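Shared between the two complexes below is subunit A, which has subunit B as its partner in the first and subunit C in the second.
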Partner chain A sequence: MTLLPFLAAGWIFLVGLYGMVTSRNLVHAVGCLAVAQSSTYVLLLAVGYRRGGTAPVFADIPVGSTVVDPVVQALVLTDVVVGATVTALLLSLVIQIRKRTGTLDPEALTGLKG
Partner chain B sequence: MLDPSRMLPLTVALPLLGAALLVVAGRLLPRTANDVLATAVAVTTCAALTVLWLRAGDGRVVSWAGGWRPRHGESVGIVLVGDRLGIGLALLAAVLIVAVLAYSWRYFDEPPERHRGSFPALLLLFEAGMCGFALTGDLFDAFVFFELMGVCAYALTGYRVEDSRPLHGALTFGVVNSLAAYGTLLGIGLLYARTGELGMAQIGAQLAGHHTDALLVTAFVLTVTSMLVKAAAVPFHFWLPDAHAVAPTPVCMLMSGVMVELGVYGTARIYGTVFAGPHGIPAHAYQHTMIGIGVLTALVGAVMCWQQRHLKRLLAFSTIGHTGLFLIGLGLLDPHATAGTALYVAGHAGTKAALFGLVGVLLDRHGSVDEHALHGRGRELRLAGGLFLLGGLALSGLPPFGTGLGKALAEHAAGEYAGWLTAVYVLVSAVTGGAVLRAGLRVFGGAGPAPRRSHADIETSGEGEEPEVRDPRRAVPLTMTVVPGLLLAGSLALGVLPGAGRAVAAGARAFGDRAGYLADVTGAHAALPPPPPPTAWTGSGLLLGLLSCGLAIAFAAAAVWLPAAPERALRVLRRPAGPAHRFAVVPLRRLHSGLLGDYLMWLTVGMAALLLAVGAQL
Partner chain C sequence: MTRNTRTTVFLVAAAVLAAAFTWACTGLPRFGTDTHPYGDRAVRAALAHRTANVVSAINFDQRALDTLGEESILFAAVLGAVVLLRRARDEDRADPEPRRVLPSTRLLGAALLPVTVLVGVYVVAHGQLSPGGGFQGGVVLATGLHLAYVAADYRVLRRVRPLAVFGALDATGAGAFTALGLAGLIAGGSYLENVLPLGTFNQLTSGGTVPLVNAAVGVEVASGVIVLLAQFLDQAVEITSPGHAGPVQNTGGGAPGNPPEAS
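Let's look at the complex of A and B:
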């Protein structure tokens, strides 16, 4: 296996992180969190990839043919569900923040410090 | 009687089922029926965990979901593994859930009309996440349960959507924790790439055939970071005071009492089963790193705790200080320290939850949690005040509280490793206990001169909090004082009853027995581990407990009554303290800026530092 998918996953994670650190909009920040999360999809799918493998569904292919790892696909599915829950909850919090404070700028939320 | 291995999944399934029931039936049932249903489910879970705790004995209860056991050393099944420490933590969570349900019985007097069951349903979901996390033997499941408990905690923190500060705290909490959790998933992916396994024991067994290299160190750091974020280890701790300051009081009781400690447990469990074997992360590298992080966390927590006037933030920073001590205790990789830390965690949970509960009484009465504004206003709450001061003493390690016994055992083991660690234990528990005593004396006793109102730009005052109840004219609900009292009594019982200590010691032995864990999961037999460490009070433990308690009283008394001293004497004292305050404390407080970007920056810095620290020690 080449190193490329791992580097790509690391890059996506860092890009998402950079976006969150420098974000001036909470919707953008939550979007960047989703970007960072998608690095896990890339990494997991890359880990399960088999050269020349097909989808691990044995309905129309002979038993014993090369397939990609079905375990990581189950992991990614679970990960998608977890990510959707987290993103939905965080976005609903952002909507409420906008309603209460009238701003989406994280730098303007200064109620908690010290 | 049910087979214990069949009961193990029930402890996760029961609260999940209860939560689903409450969401569906909650809007049809009256409020009392909702509370009764939630309490019944929580009590049943508690009972199941108690039975499991008794029957687990010195060994482990192993349960393969759906009967998918490993074949020829390979497995695709998912395993739950309960030993005394894991089951004990789940039991602690379940007991606290019952306490919180009782505490908040009349707390939210007007739940939203159409979602009457939502608060107890979220509590039960939270419980399911915590129990699952404490009992899982599978790394990917640990991530899923981690996120489940995380999501519930974010939602519970931001439960009061009318106010902007809880929303802010919940968002920071959610973003920081979730990002770290995705890092963990990357780490799990790397481990799967290396070993082809997801079970902790299976990965641990497979890693013995590989070499320690950059991939393993990266996987270790990524996996452990989210646990350290949950455990609020410095510099990953910034979310905790913000979330605790704004979360509803019952939620603070749970988060400080058990959720944060689960992060410490997760760190130790993952290292102990996955990375501790041959060709893993060497023990000395782990010890040094964890003790370093622990000491830093304990000191930062103690200093910041002393500075707070917002009572919930004060308690939150004291939790950070104590988590640092727990990290040291479990980082020593010594059964004595593990037993002591486990007792310390249980005692701390009772004490801290009680203290948060009593702050909730103040919030209920006065709509404020500000130490300065509440000066003397808690005088009529005699019972609550007495309990609060007792809680402060227990927090500082007063014998014979469970916190005192746990601290004595852990600091003895730490002192054998390095003498100065004992001083850290004494100092941190004295300062955090002293801060609580100071606040208690001022608020409930009206002691000393009223503090001058300051409007510094570096702090959060506790004024202008939304009271969590609608009608301040009614009396304080009885449960709001009784539950903290019972929790403190439980903390006391842990230090007094010799059976509790013995059981925890046996659990600590099983926790440190990596070979036994691997053998139990794969179905092999392992040699019996050495006998459990003793957990009785010793003379030196009693003396050190009394010392830290005395120091706490001295600190509190000095803070409360010194301002009344003549101005000349004060000036002498201020001269050396001024620069220390200006150059050390103020910058430290400014770091806690409340800004999401800063916290994520610190998360990145912390991960990089961890990577360098572990990598350099190979």
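Let's look at the complex of A and C:
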């Protein structure tokens, strides 16, 4: 089943999306966004896997050993950092929404206020 | 749109997406494939620059310009959170009361705080050799300091974490990264070029500019996360809104109860 790791990534993405669509709480929605985003980590790492490969760090393994693709790992690191900052920014928006409107339910936030 | 319609629309869209995604995955190289042209080249380039941790070599040497962008995102997000969570005109700042802490918690926190900070510094400093680096070590450093909050109280945390200093350090880290790029431009001819002597493979000083960029990132991430967490802690502990007896409590997504007047 060589497709399974990729499909797992797709599944995580859809689960996160489902959570966002049905969410009744903005903090929960931000958490679901983080879940949906984490699917990209799984997908990237699955793409970069090499059978029998180890971590691409040559400090304690001989040069020339089989290692997994380091490029996607570097991309995942970028992904994690950006994900964390986006979550932080969204949560600060949620705090402001709660303060200004007194609710966290996205369905109760209807009218635009100036 | 009612909740049911929305869920139905989502399920239809999800089914289409799932089918298209599965079909697209069948066109990907096999899982665990031996063909990784970029990976092989990146490993060769990292070893040529005598950097044992290939992921660090990619982040701080080969793709350093991308990391500068990522760094700027982090910096901008911290700035954004500081602006969003600043004290509003109608809010007051209350001094938090010290709470009783179990002696065992206090002892464990006091013993672990220096150890955690040391581990953070170690992870940052060995970014070019072992798994880790500026980003990971920076987060360890920042969260390690918050043991002071867990083990003692907010006022102790405020003393070990002078916010003005860390705000300045955050900017210094981001600026140092940019300056290292300019140094590469002046000495080597291209921005962020690895111009320093490469050193001996698998030594602390190997990798040319990698350890320096790594340290700049470590300083920036650590102080950025500290400033970020401070904003959230301020909201939870210090800032009181009108219409609430204490700090804003998250009551979950229930019915809107007692909404304070929107400005």
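Note that in this section the second predicted complex is superposed on the first by the 110 of 114 C-alpha atoms of A that agree within 3 Å, B and C clash if a C-alpha of one lies under 4 Å from a C-alpha of the other, contacts with A are read in each partner's own complex, and residues count from 1 in each chain.
Assume a residue touches a chain if its C-beta (ideal position, glycine included) is under 8 Å from a C-beta of that chain, and two chains touch if they have at least 3 such contacts.
Worth saying up front: this structure is predicted, and the values here are computed from it rather than measured.
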| item | value |
| --- | --- |
| Which superposed partner A:Leu112 touches (first subunit B, second subunit C, both, neither) | first |
| Partner chain(s) touched by A:Leu77 [first = subunit B, second = subunit C, both, neither] | second |
| First (subunit B), second (subunit C), both or neither touched by A:Val67 | second |
| Subunit A residues touched - subunit C or subunit B, whichever exceeds | C |
| Subunit B versus subunit C as contact partner of A:Phe58, first or second or both or neither | second |
| Touched partner set for A:Leu3, first subunit B, second subunit C, both or neither | second |
| Subunit B versus subunit C as contact partner of A:Ser39, first or second or both or neither | first |
| Which of subunit B and subunit C A:Val30 touches, first, second, both or neither | first |
| Overlap of the subunit B and subunit C footprints on subunit A, listed as residue numbers | 17, 21-23, 26, 47, 71-72, 78, 82, 85-86, 89, 93, 96, 100-101, 113 |
| Subunit A residues touching subunit C - in the complex, by the definition given at the top | 2-7, 10, 14, 17-18, 21-28, 46-51, 55-59, 63, 67-74, 77-78, 80-82, 85-86, 88-89, 91-93, 95-96, 98-105, 108, 113 |
| Subunit B partner contacts - residues on subunit A that touch it in the complex | 9, 13, 17, 20-23, 26, 29-30, 33, 36-37, 39-40, 43-44, 47, 71-72, 75, 78-79, 82, 85-86, 89-90, 93-94, 96-97, 100-101, 106-107, 109-114 |
| Touching residues on subunit B, where the partner in the complex is subunit A | 76, 140, 143-144, 147, 150-151, 154-155, 158, 161-165, 167-172, 174-175, 178-179, 182-183, 185-186, 189-190, 192-193, 198, 241-242, 245-246, 307-308, 456, 458-460, 589-590, 592-597, 600-601, 604 |
| Residue numbers on subunit C that touch subunit A, as the complex places them | 3, 6-7, 10, 14, 17-18, 21-22, 25-26, 28-34, 36, 38-39, 42-43, 46-47, 52-55, 57-59, 63, 66-67, 70, 73-74, 77-78, 80-81, 84-85, 88, 129-131, 135, 202, 221, 228, 231-232, 235, 241, 248, 250-260, 262-263 |
